[in-house]
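What follows is chain A paired twice: with chain B in the first complex and chain C in the second.
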Partner chain A sequence: MTNQPGAHLHLTEGRRAGPSCVNNMLHYWRAMWGIIGRELWRFVTQRERFISALVRPLVWLFVFAAGFRAALGLAITPPYETYILYEVYITPGLCGMIQLFNGMQSSLSMVYDREMGSMRILMVCPLPRWFLLLSKLFAGTAVSVLQVYVFLAIAWFYGIKVPWQGYLWVLPALMLSGLMLGALGLLLSSFIKQLENFAGVMNFVIFPMFFMSTALYPLWKLKESSMLLYNLAKYDPFSQAIELIRFSLYGQFNQHAFIYTLVAFIVFMTFAIIGYNPSKGMMMKKGGS
Partner chain B sequence: MKPPIALSVENLSFSYGGKKALDHVNFKIHSGECTLLLGPNGAGKSTLFSLITRLYDTRDGHIELCGFDVKRKTRKALAKLGVVFQQTTLDMDLTVMQNLRYHTALHGMGRRLANQRIQQELERLSMYERRFEKIRQLNGGHRRRVEIARALLHKPSVLLLDEPTVGLDVPSRLAIVEYVHQLADDENLAVLWSSHLIDEIYPDDHLIVLHKGRIKANGAVAEVLKITNTAMIKDAFYTLTQGDQT
Partner chain C sequence: MKKNTLSLFLSLVLAGTVQAETVFVTLEKDNALAVVDPVEGKLIKTVPVGRRPRGIAISPDNKFLYIATSDDNTIKIFDAETLKEVGKLPSGDDPETFAINPAGDRLYVSNEDDSMVTAIDIAKKKAIKQIKVGVEPEGITVSPDNRWLISATETTNMVHWIDTKTNAIVEYTLVDPRPRSVSFTVDSQQLWVTSEMAGTLMILDAKTKQIIKTVRFEVSGVTADKIQPVGVVIDKDRIRAYVALGPANRVAVINAQTFEVEKYLLVGQRVWNLAFSPDQKRLYTTNGVSNDISIIDLDNQTVTKSVGVGNYPWGVAVKP
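Moving on, here comes the complex of A and B:
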């Protein structure tokens, strides 16, 4: 087609030979990699997003942790076998922070995509919606794991080093925690009607979840100051995700944290899928009745 | 003998809270037929598209795409469907090629087949040379071409276009109108084109006039003119919508 009206067109091929079987595994595989590849490409090409995702935890590490080092004494608790600096203690918490913010960023982009319409292209492709959401989730998790490894590399140069095996063991832990926090983001995005409401999510979800966790202080420290805070932190799924990461970094498996994080992921994901189901969830309430 | 039914909408109703958006809508579209869905703003056109594409749930009524119930056989039905939404749904920071590859991945196409289809569709629309440009660099008309190319990559049987020419200049608009009409003719594609612009209608088109969620007319252009006792579509449209502005 040219810009001129009446331009001659050549339409030759028939239009009935679609993919022979949309139901096969190859279709699922290609679609999932299509979604993950797109997210990763977007992330690495959006330099500002890449840098800002790293600046936040680095400020906490270089400024906040350095300032609190003297104020906060830490006893020897597993998985640590010696006295550690506060920077060392909060490093797993900051890994979790990256994933928490990334999960919320993904949920924000889902709301944005839904408002702008690009989400529709995903939703009208011939695959089950649960699979599309799961693929989106994997894509977001892949991005967050990448961010965490870059952060850990910078921390290594800063002097925060874990046993080399820890960098391998932490991968499955990061994947599970990323999935859990991403699923929470998905769930929230199914409830958020407009982009403007996202600030509320920051205030009511991200900050309480982060501060009422073991990211910045160990549980026993919280217990000393408030039993209520101690209990809230204990049952905060974010705490469990951080403990899973913390133990993995030192080559140890925290079974309780693993099961808690896994169950939280399944619960959040189930409700997110219901939330995005046009027949049942919030999409119906948004769309009409 | 009439060509097979590609899209069937039966007794479809839909409400936003207490406000009825669609009220017992019935129509059928055959293969090779270009159907213009004409209606003023707020007539229910976008709601109808959201229901056909299963973005909203069908609670009252029944929609079938090539014989597949959209609610029960969603995936088979959606595989037959190509859609161009009213708002652009391209990723602005990705190139034309990347946007199209994403779509082919979602439809399960392998790299070789995807490249072949992308080349074919982009060449038809004179956009192949621009495949490595970012969407952000393209003007509105070219973005629309990319979206039409994308909607055709998986060789659908039904093409839905929700006001695809809104905001385009006249030459771009006419070129797209002509291209889509030729697709219907030459490729036996069933087209449902939603619009509120009367000059996008061709004399051979099938016409559905939707107003306040109800179908006011459904037939060939000549039939609609006859039942409204008018000589021009704009007068027929005016009569059917009782003076509402287009």
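Moving on, here comes the complex of A and C:
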């Protein structure tokens, strides 16, 4: 069994924590930063992971989008006010893709932690389970937001530019979409018993979610080919997260997408917390971690 | 004091709104004129003007709009403020394109079917001369120094240099197939001509009447047959020129000194005619197939908005 240093920290800190409210708050704060710090440290030190997280959307942008260029422009749909190239259209979708894969990566690392036993240490830490999961989620989201900004910077040099305010407006949108997709990852990880099962998640969750969304094609285009696909894409929470990102990149607030993403986050998170509860959730059915 | 502050504030607000120009767009299929506020990026109204309106120009004093209503076989005169029809000019059959001289007293019309250019005295509303040119005259312009009237003939593939004093053809220049649009630089030293079929832009020297440069266009991902240059405009300082590339859905930005293409801007479908804002900070394009106009911010060289105007937007004119 490998003892993770971050997990140890929480355990010992937990024992030392005094009864006062301030101490308690401090304890929560330290625990959260311990988890976020560990995740960021993992991300920064694993250079391959950093590069591969960027290569995936960049291949889509430079190769796929160039091949599918739609050189004569796409019809105008909000938030765009004029004709755009396909590269410009899929950029917010690729930001979402980064976050979707990052959410799944976190989920994968949870399964790994569970297999390696370090999860047990985290879960027995004397802090509420929901708080630990939320901290884990914030950690994953922070990493994904970082990845998206690096991607947007590369896209900027490639000529895909949004109004400068858009780079600020997109931050809260990225945080919410990152949380929602991370929560989905957590929820899935509560179902997966072994690392080998992760391929199923790729096939049955990530790919359908990605391809049946507005990441690669606008809704009206889907409507032309199939009403079923159109409806699936319309109600895909990933679509709504992308639309939230897309609108905010152009300084606009898409209320519908915001509410949809927020509700999806709450639902996924609630089920993830239940799923990680040894007495109620899937953990019990699987005999714990 | 309070009153002064208020009036100052009001005048500032009003100054902001007054500065905005009005863009007029002829709608070939709607038999109408679209009136657009380009700063707000909104269609204000659509006014019926006659059957199949195409060519449009504003008088140099900005008081009158001239619109070629092709199926009415006339050029109608409208008050640019009220948009009420105030007269008609004897243009000959099926007028499409025309040009006004800098003084604003002569109007020259291409009569495509008759291979003629008709010179009209605007004040007397009378045709004063018909000049025989090549087959299918289309592009027409008058040099800013009022020395030359230019007529480009689509089938003869020629540019005809007509002396404005005598209304007689002085010289011809053979150009690339199907010349469409002709435009002079402000100093009247160069004539820029687009060829729809060859997909080129030619720059002619006004002294020698020879082509000094041929510019070719290449847009990645767009096949060569879609590159059909039509409208061309050159800014007053001759820093940049802009060419509408028709079904390529692009406006080419050209360095007017080196004749290099700097950039292609994506606009609506089948972009045809172009017009500058009075301060030349914006460029307006008519996109015939997508039924809109695109607004280009020339400082940033970006297309900021495309505004739906009606069916088959054709010509564009701007009133300060």
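Side notes on the structure shown:
One rule holds for everything that comes next: the second predicted complex is superposed on the first by the 260 of 289 C-alpha atoms of A that agree within 3 Å, B and C clash if a C-alpha of one lies under 4 Å from a C-alpha of the other, contacts with A are read in each partner's own complex, and residues count from 1 in each chain.
Keep in mind that, in the parts below, a residue touches a chain if its C-beta (ideal position, glycine included) is under 8 Å from a C-beta of that chain, and two chains touch if they have at least 3 such contacts.
Every value quoted in this text rests on a predicted model; they were computed, and no experiment measured them.
Between chain B and chain C, it is B that contacts the larger number of residues in chain A.
In the overlay built on the shared chain, the residue A:Leu85 is in contact with chain C alone; chain B does not reach it. Once the two complexes are overlaid on the shared chain, A:Val124 sits against chain B while remaining clear of chain C. Shared-chain residue A:Trp41: touches chain B; no touch with chain C. Touch criterion met: A:Ala31 reaches chain B, while chain C stays clear of it.
On chain A, the surface touched by chain B in one complex and the surface touched by chain C in the other have no residue in common. On the side of chain A, the complex with chain B involves touching residues 1-7, 9-11, 13-19, 22-24, 26-28, 30-31, 33-35, 37-38, 41-42, 45-46, 116-118, 120-128, 278-279, 283-284, 287-289. Within the complex, the chain B residues that touch chain A are 14-17, 21, 47, 50, 53-57, 59, 71, 74-76, 78-81, 83, 85-91, 93-94, 98, 101-110, 120, 124-126, 141, 145, 152, 154-157, 171-172, 174-176, 178-179, 182-183, 186-189. Across the complex, chain A is touched by residues 41, 219-222, 226, 247-249, 266-269, 290, 294-295, 303-306 of chain C. Listing the residues of chain A that touch chain C in their complex gives 69, 71-73, 75-76, 81-85.
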